[in-house]
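Okay, here's the structure, questions in a sec.
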């Protein structure tokens, strides 16, 4: 075979790994969300399908797949069909730059973080397309709300990522993780491997930035308390009201994948990605994957936990928090970190 | 204020439009002329020593002798006294003056009385049926109401 | 300054109350669940539970009290008077049974389970049991027929009744004729 | 959050208002949405025709009648007054014990019957237990309307205790037909008293948990403060009652101001909204009034359980109810407000006319008044805070 054909096959194979990972991960998170939500509400989720409902995620997926996915008569057919795939592409593309271990990364581009910010706004287009195409008043509401929300939360996400990049000095996520290698004290959250004096000065700002990054990423993923686009009690189901069957499954999968992407990026930037917290005790290619996925799952659990505790914000409060609370704080942190690094 | 005093004041103020009263009943009531109910109610509502600011219940009635009627149960929160007003009207052309401008709650009560008995309240902002569908034949709570056999082509059982 | 105070006050209160809320839900992760796995673990019904109706037809004297008391008229009873020679026996509560009950139907689909029919029954033959799993695939099966009289018995009771009525009618006619024939010759006796 | 948010009055943009840079008029129009009978947060089959300009509501027109079951027509065709009680149960199916109590009191006032002391105490205990159960549903669904799903399940877990108590006494869990004209159908079972005490002890810490999780949560507070503000005089003019009225700061409770049964013998205080968070009479006030009313109800139940005398509960049940000509309007305090029955007797055994004045029907009529200028997400909360049950609205 000609070398180009070979490289194409290799890249296809390499890109298939995250897809397999997403499917496995989605099953686990579906089960996790179901069980955690149930036990937090003093009830027991499914116990019938398999031991303690283990097979329920498969049952859900199968149900969604074999369900008839209707297209509303007055819907804009082409956009309606395209929307879920755009949303999934937006999420799946972000997997390319997450460094799972020191040897494996989708594509080791030097503008990883820049690419991430660009791709995650693709999701907004997909949601807008879905909301507009289903020709339903509620979905229009959901779509417009989610557009406003996503756009206004791009700013805090981008700023907090900028602060992390300022501390580490490179846009390539692999290098960022290598910068943080060598135990917990080198994590960016605790000031990175800089001399102790700068670390101590950096500490409060990196904590605030990490907290803001996590909150803003909650809004990116449309999770409570920012789940206005699909607010059950007001907009029935928001932009995916008219979707059913396979397309709804695609939206669903995209949301779960997005949950992982967001927590994986937060972990890579601030908590040292695949580097183990005990220096080089448990580090190595296989351990690296374990550490990254473990830390990311902790944050996925945190998102689920928040979802079943907090009520929902109103649209104007949503905007208020983004523009008047998160962004000003980040400017202060940006200025302070810049100053400290220069000293 | 005992019902007797209320009756005397009303008789003094409105004279002939206070038609009859039964003050020894379990709950004393006064019957008023149905074309001046609004004035009487405004008087009852604004008069300082009456101050009937709470219309508890307005119910339509079919007296089964060719007369329909509306019964107003009024109470005052400050003075803690109650009175019952009645306004009757003939079955052929049932019209009573609306009091929805005096008490906001009368708006929906009067629409229900219209829906159930067919009593039209003059001066009501939005006189249409509230519970039954708009094209429902007849007024259900009248004593001589026959349940229609078919409604919009649907067979009404029983 | 108050604007800045409220600004930071809001942020602090939001973080604090969110943390309090999350502590509560986390605590509930370790509280045992309250759900019962229904088909395996059944809730014990108290003895006054009002679910399915049951009629002990032997004790029923056909007095129609329960169908009068029912607000939704879901009980329909038909009775045939028994003639003198038939002895229907005595109910467990000592009431003499004088009526055959060929038809005692309760449409449990219409019943509103209010229990008003249980109180007026003199022989307490209608009872609300605590059986609540009586769903049916066909609505017509919800019409419970409690009477156990076969077609033959009903036919026989009817013919007997008709015969007894004819005799009674004949006897009354004869007595009336006889009474009409006698009054003149018999002078009123002295008191 | 922006405290001084002035709700725009003229939010309807007229076509000539908006000019694009090139001078063309940008025509904007309002959208009419049907928050139709089938909607996750209308608490039943209520249709709200909302005229919306963007997210701000220009007008909300409620359409009711989808659950109209002709209660009043049924009541006139019953063969005796006792048979109306199962229908009264089904009117406000969330607080049916209070409905029975209201109807029974009305007919007893008509027949001028005196009820033994023990029955009065049983009725107070049952009514207050039902108030807690009904408030738990109201508060739980209010949490769901604002997006928090967990409080609803905690509320239902606690409500199961009360339903078990009811089932132990009268055999049914939702529609009881327990309070009859002149008494109650069964006397309390022997284990009832200490089981009820056990519930009171169990329930108090649960309320504190519930408040910390939902009521004092800053997001919930921001969602409900200054939303759907019902001023005092509008509340009285629209004859609102119950938590709607007390939420607006009016100190009015029928159990104290128009006393019936043995409430005058028990000590408890009326909870009034004081606008601790936003304005007086907003959604949060109505919510906190319901929460604190539950604590008062527990206090009442404990006192009533102590003071319950012995006696025959079926003593005053009349064999044949034949009231002479007369009419009576009796009102009682149900969880949603003032439920009044106007019963007219005409000498026969079946009632001539029974008019039920449902509190939810009246409280709902004030909805257009308080939801103008609110946002769509607020309308959901305003409907939730009014706590309507469509069985009672439509009768």
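Just so it is clear, A, B, C and D label the chains in written order, and each chain counts residues from 1 on its own.
Basically, contacts are C-beta pairs under 8 Å (C-beta built on N, C-alpha and C of every residue); 3 or more make two chains touch, one makes a residue touch a chain.
These numbers come from a predicted model, not from an experiment.
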Query raised in the report: Farthest from chain D in C-alpha centre terms, which chain would that be?
Result: A
Query raised in the report: In angstrom, rounded to a whole number, how far apart do the mean CA points of chain A and chain D lie?
Result: 43
**Report entry** Inter-chain centre distance, chain C versus chain D - centres from mean C-alpha coordinates, in Å
**Finding:** 32
**Report entry** Intercentroid distance (Cα basis), chain B paired with chain A, Å
**Finding:** 63
Query raised in the report: Taking each chain's centre as the mean position of its Cα atoms, how many Å separate chain B from chain C?
Result: 40
Query raised in the report: Tell me, which residues of chain C touch at least two other chains?
Result: 18, 21, 24-25, 28, 34
**Report entry** chain B, residues touching no fewer than two other chains
**Finding:** none
Report task. Would you please write down the residue numbers of chain A that are in contact with two or more other chains? Result -> 40-43, 308-310
Report summary line: Which chains touch? The pairs are A-C, A-D, B-D, C-D
Report task. Give every residue of chain D touching chain B within the complex, in rising order. Result -> 64-65, 68, 70, 72-73, 76, 109-110, 234, 236-239, 250, 252, 257-258, 326-329, 331, 338, 340, 342, 344, 353, 355, 357, 361-362, 365-366, 369, 394-395
Report summary line: Within the complex, chain D is touched by chain A residues 37, 40-43, 137-138, 141, 224-225, 227-228, 231-234, 236, 308-317, 320
Query raised in the report: What residues of chain D sit close enough to touch chain A in their complex?
Result: 1-2, 5, 31, 33, 39-41, 55, 143-150, 153-154, 157, 213-214, 217, 219-220, 222-223, 375-378, 380
Report summary line: In the complex, the residues of chain A that touch chain C are 36, 38-44, 47, 305-306, 308-310, 325
Query raised in the report: Hey, which residues of chain C end up touching chain D in the complex?
Result: 6, 10, 13-14, 16-18, 20-21, 24-25, 28, 34, 45-46, 48-50, 68-72, 112-116, 119, 128
